[in-house]
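Each chain carries a letter (A, B, C, D and E) given by its place in the written order, and its residues are counted from 1.
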C-alpha cells in the first residue's frame, strides 16, 4: 500500500471531547480517543450506542457539535485561528475525506454501476488514475474479496454477501490512510469472514490504520490492537482486546460481554 | 400463538424437486425438503448458494421453474388438475402467502410509516383487526424485540439494529403458520441476538414452524431441530444440527464448517 | 433500552460547550446576488413607470364581476379536469402493468395519441364531437341502434371542455405516475407481499404513498399547466374561463396589456395557493423519508 | 467462487422438466378489450368517412413547403428552448439547495413567477421587451450608462421566443429535477463522500444518473409540452412555426379541420420520435436498477 | 350600445321559407368569435352578451324572419365545419375571397375599406403612400395582411427596403404594439381602426390608406356550401332590409354608413 513513509509525528486519529447532537438527542457524549498509526481499533457496544455515529463524525459525514477530530495531526473540517473555528471550504473537506475509507453497514453501492464500476469510481474520478489502470486495480481488489467473475454484474444482481464484498473492495481501491469499517462482515456468510479477515490483516501489516465496528467478538480479538466499548454515546472502557474480553473492568462491559460470549 | 390446533396430517412445508432459473442462471437445482409442523429448520451455506432464493420460492415472491411447494399439504401457487398446473388467481396466492411470515436480509421496512405503523400494517390491512386492538398487539410485539419507546420513530431515524428488530416484530404480528427468517440477526448486535433467540424459542414452543437462514452457527445449534447445508443451489447435506456440526458427512460441508467454526 | 436518552441529553446539553464555528464564506454568491438585485430593480422600475401597462385600468378591472366569475370557472374546470385525469392516469398505469398485451397496447396508444396531438386541436375536436357524431348509441357494431341519445345532450360545452382537458392530461400524468413507481425499491413490494397484502392494497398503502413523494412536484407542474390550459377551452367553445373574460374586456376596451396583467395576477394568485398546498402535501408524504441534514456543507 | 455457475446451469437446464403451467385467466379484461375495440372502430370509421375532414386537402398540404419549414422551425425552437430550460433549471436546483438564503429566495421567486404566469403573457412581454427597454446597458444603477446596445439588436423575435419558452420551462423543469433528486437514498451521497468525491462530482456521477431514471418521463412530458407551446410564439410575434404555417393556410382556404390534422400529424410524428428516444434514454439510465420480474402474477 | 329594433316586423313571405329545423327552434344561430369591435364584441354585466354591427344585422334578419338571433361565441376554426349543424350562419365580418367561396356560400353585406392606425401626431412620419422599410403590425390571416404583402412586393420590385411585418393573432395586440412604439402603424378594417382610435383617448389617430391597402372589399355572411336555400333566403332578407332602410339605420347608428352596400349578392365576383 502507499504513503506510509510520511513521518509519524502525531497520532493517526485523535478525538478530543467530541459531542454530537441530533436535534435534542445527544448521540455522542464527549468521546476522547487516540489511535496510533498502524493500529487496529475495534469498537463494540450495544445497538444505538453511537458506534456508527462515531465513524460518521470521523470522516465528516456528520458535523460534530463540540470537540475536535484530528487525522495525522490535522484538524478535520476546521481551521483554528484566534481561538475560533473557521469552517473549511467544501473542497478542502473533500480532500480531507480522501484520507479515510469507509465501509457502511448498509453497503450503499451505486446501483447504476457494475461491481467493477463501483470499485474504480474513486480511483478514476477522485485520484484521476487512467481508466485502464484503474480497471486493473479494480479487478485486483475484486479478486481480493473473491468476486473475480462478477465484475459486470449490477448490485441488484448480487446476493447480500456479494454486495458487501464489493463495498469493501470499493473502499480499499482508494488506498486510504485510515479505514473505517462499520460492521463490514455483518452481511457476509461465515465462510467469507475469514477471507476478509486476511485482507484486513494484510492492511494492518502494511501500516494501515483502522477503526472497526463489529459484533464478531472472535474476529475482534484476533485482529484488534485495541478494543473500545461504547454505551449511550460514551466510551465506557478501552484496552487490549484479549485482556478486556478476559477481564472487563466496568460492570456495563461485563454485562454486555456475558451476553455476547 | 394461534391456529396450532389444525390436524397435523401432512408436513408443514414440503418441497419436491424445486428448480429456479434466473434467465439462464440455475439458482436452485432440485431441492427436496420436508419440514414437520413445529420443526425449526436451519439453513446454512456459502454466499450465493441459493438460501435466500429458497425462502423466496417458498413464500412465492419468486415463481418456481419446476417442482412443487406444499404448505400444510396444500400445493402453493397452483391447482393441479389432469396432470397440469393451473395458476391460481392473485387473490388466492395472497391468501396462501399469509400463512408464511418473512424477515428479510435487508429489513425492507416501509419508510413512510413509523415503527408501530410498520408492525400494525399487516394486522389492520390484511387481517382487518380494529386499529386500537392492532396497536395493542403491535406494542406487545415491539416490546418483545426491545423497542418499547421507539414506536413513533420512522425507519430512517433508527439504527440498523433497531430497524431489523422492527422488521421481525412486523412479521411476528401476522402470527403466521410458518416463519421464514433470512439472516434475521445479521444486522443485530450480539447483545440483542439473545433476546431474539428467546423470542424464536417461544415461537417454536408454541408450535410455530420455522425456516431460518443464518450464519450464526452457535445460534443454529441451539435453536435448530434440523440443519440443511446448501451449496450451488442444491442441498448437500441435512441432519440433526449437533450431529452435523460435530461430524459432517460431505467433504463440502466439512470444508465450509472448518472455516466457520 | 433507549428510554431516558432524550431527557438526559437535554440535561447534559447545558454543560457541553458547543464549537464556536465561523462558517465558510462564499463571496462569489454575494456578487451574484447584487447583480440580480440590480437587474430585478431595473425591470420592476421599467414596468411600473411604463404607460403601456395602464395600471389604472388594471385596478379598475382586477375585481370586476366577470373576472371573478372567470376565476371561479377556471378553478372549477381545473379541479374537475384534474380529477378526471388522475382517475384515467391510474387506470392507464394499471393497464400498462397488466399481463394482457392488448390492454398494454391500448394504454400505450392512448398515451401516445393524447401526448402527441396539441390540446387545442383535441379541444376543437371535442367541441365538434356533437357535429361529427350526432347520436351516442349502444348498437350492434356497425348495425342497428339499440338505445341512443343526441350527443349534445350529453357532451355539452362544459363536458367537452372537461373531457378534452382531462383526457389529454391523463396521458401526461400516466407518465409521471409510472416514473414515480419506478423509483421505489422492489424490496417494498416483497415485504408487503410477505405479509399477505393483495396487489391492490400494496399499491394503495405501500407504493402510492412512497411514489407520491416524487409524483407530487411534477403533478404540481401539470396542475398549474392545466390551470393555464383552461384558456384554450375557447376552442370547444367554453366561454366562461378567466382568460376569455379578460380577453373579452380587452377586445372591447382595446387595452390588452393591463387585462393580461389582470389575468396574470389571478393565475399567479391561484398558483401561489396551489404551491402552498403542494408544500404541505410534499411534507406529508415525505415524512420519515426526507433527509434533514445535520451537516450543511 | 461463483465462477462456472452459468455454464453449469445451461448444461443441466436441458435435463430439468420445467413446470407445465396453465396461466390464470382474466375474462373481465377481455370484455374490456372487446368494448374498447368497438368504440375505437366506430370513432375511426366516423372520422374517415366524415366529409368535414377533407382528407384530400390533408394530403395536398401535408408536405407543403411552408408546412415542412414550420416543422423545422418548431423543432429548432423546441430543442434550443429546451436546452436553455435545462441549463437554467440546473442552476435553479443548485441555487435552491444553496446555503445562501438570498439565492434560495431568488430561485424560489423565479419558479413561483414563471410557473404562475401564463406562457402566452410571458411571450407577449418578451415581444414587448425591446419596446419597454429600448437599450440594454451596463450602467451605474439608476445612473448614467457605461456601455449599451439597442435591445432589438439582441432580443430579436427568435431570441425573444426562445427566452420566453426557455425561461418559463426552466421553472417547471426545476421542480421535476428537485423531485428526482429527492428520491435518491442519502446513503448514496454518503458513500460517495466517503471516497472523497466533491459535491459537484457526486452530483454529476452518482446522483444525476440515478435521478434521471425518474426525471426522464416527466421531462419527456415537458419536452412534448414545449413542442406544443411553440404554437404560442405568435405572441412575440414569431411566425415560422408549424402551427402558424397551417393556420395561415386555413385562413386562406377556409378549411381549418384538415389543416389542424396536418399540424396534428406532424406533432404526433415528432412526438413519436421523441418517445422512442425517451424509451432508449430510460433504458440506459435504468440499467442495473429496473426490476425484471421473474414472477408475473 | 344596442340598436333599437322595436319597429321591426316579421315578413310572412320570407318567414315561411325558413327551413323547418330553424323554424322549430325559433332561433337563428350565428357563429362568431365576438372579438372584433365594433363589429362584434362581448359586453354587458355578465361579459357574455354579444354586441356590435354584425349582431344588430343578425337580429334584424332574424326578426324579419320571425326568429330570435343568437350569436354564439366560438373559435374561428370551429365555426366553418359546424355551419349547417351547430350554426346556421357565420356572421363575423368575414372578408369574401374566391378561395373561401370554394367552401362556403357568402352573402355580401358590407363594403369595407382599410384604415391605418398610427400614434397621435404620426411621430415616425408614416406615409401610407410609401411605407417601404416601415414596421407594420398586422393581424395575421386578414385581408389587410394580404394587401400588406402586395405592398411589400411592390417595395421589393422597386428596389426599396422591405416592410417589416409583425403579425399578431389578435387585433388588439397589433394596436398595442403601435401604441407602445413597437411598430409604426397597423392597418385594419375601417370600423375597427376608428373604434381603436376612439378607445385610445387621443393616443392614436387614423390615416387614410391608398391602393391597394385602400381598396374596398366585400364582407359576407357565410352559409353552408350545400344549403343554397338558406343562402338565398338570407340574401333576400338582407335586400328587404336594404329596401326598407333598416339596414342603413343600423350602419348609421354605429357610424359606419360609408360601408353600406346597395344590394346583397350571393357569392359576388371579387378580384381576390
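Here is the rule we use: contacts are C-beta pairs under 8 Å (C-beta built on N, C-alpha and C of every residue); 3 or more make two chains touch, one makes a residue touch a chain.
In UniProt terms the chains read A, B = Polar amino acid transport system ATP-binding protein; C, D = Amino acid ABC transporter membrane protein, PAAT family.
Every value quoted in this text rests on a predicted model; they were computed, and no experiment measured them.
Any chain touching chain A that also touches chain E appears here: C, D. Most remote from chain B, judged by the distance between CA-atom centroids, is E. The geometric centre of chain C is 40 Å away from that of chain E, both derived from CA atoms. Each chain gets a centre from the mean of its Cα atoms; for chain A and chain D, those two points are 44 Å apart. Taking each chain's centre as the mean of its C-alpha atoms, chain B lies 81 Å from chain E. Centre-to-centre separation of chain A and chain B, using mean CA positions: 32 Å.
The residues of chain E that reach two or more other chains are 77-78, 81, 173, 176, 180, listed in rising order.
Each of residues 46-48, 60-61, 90, 106, 162 in chain A touches at least two other chains.
Across the assembly, chain D contributes 1-2, 23, 52, 124, 128, 131-132, 199, 257, 260, 291, 296-297 as residues in contact with two or more other chains.
By the document's touch criterion, interfaces exist between A-B, A-C, A-D, B-C, B-D, C-D, C-E, D-E.
Those residues of chain E that touch chain C in the complex are listed here as 34-37, 41-43, 45-48, 72-75, 77-78, 81-82, 85-86, 170, 172-173, 175-176, 179-180, 195-196, 199-200. By the touch criterion given at the top, residues 44-48, 52, 105-106, 159-162, 183, 186-192, 194, 215, 217, 256, 259-260 of chain B touch chain A in their complex.
The residues of chain C lying in touch with chain A in their complex are 1-2, 5-6, 8-10, 12-13, 16-24, 294-297. If you check the complex, the residues on chain C that touch chain E are 52, 64-66, 69, 124, 127-128, 130-131, 134, 234-237, 239-240, 245, 247-257.
Of all residues in chain C, those touching chain D in their complex are 23, 26, 29-30, 32-33, 36, 38, 41-43, 45-47, 50, 52, 98-100, 102-103, 106, 112-113, 115-121, 124, 128, 131-133, 141-142, 172, 175-176, 178-180, 182-183, 186, 199, 213-218, 220-222, 224-225, 228, 231, 243, 256-257, 260-261, 263-264, 267-268, 271-272, 275, 286, 290-291, 296-297.
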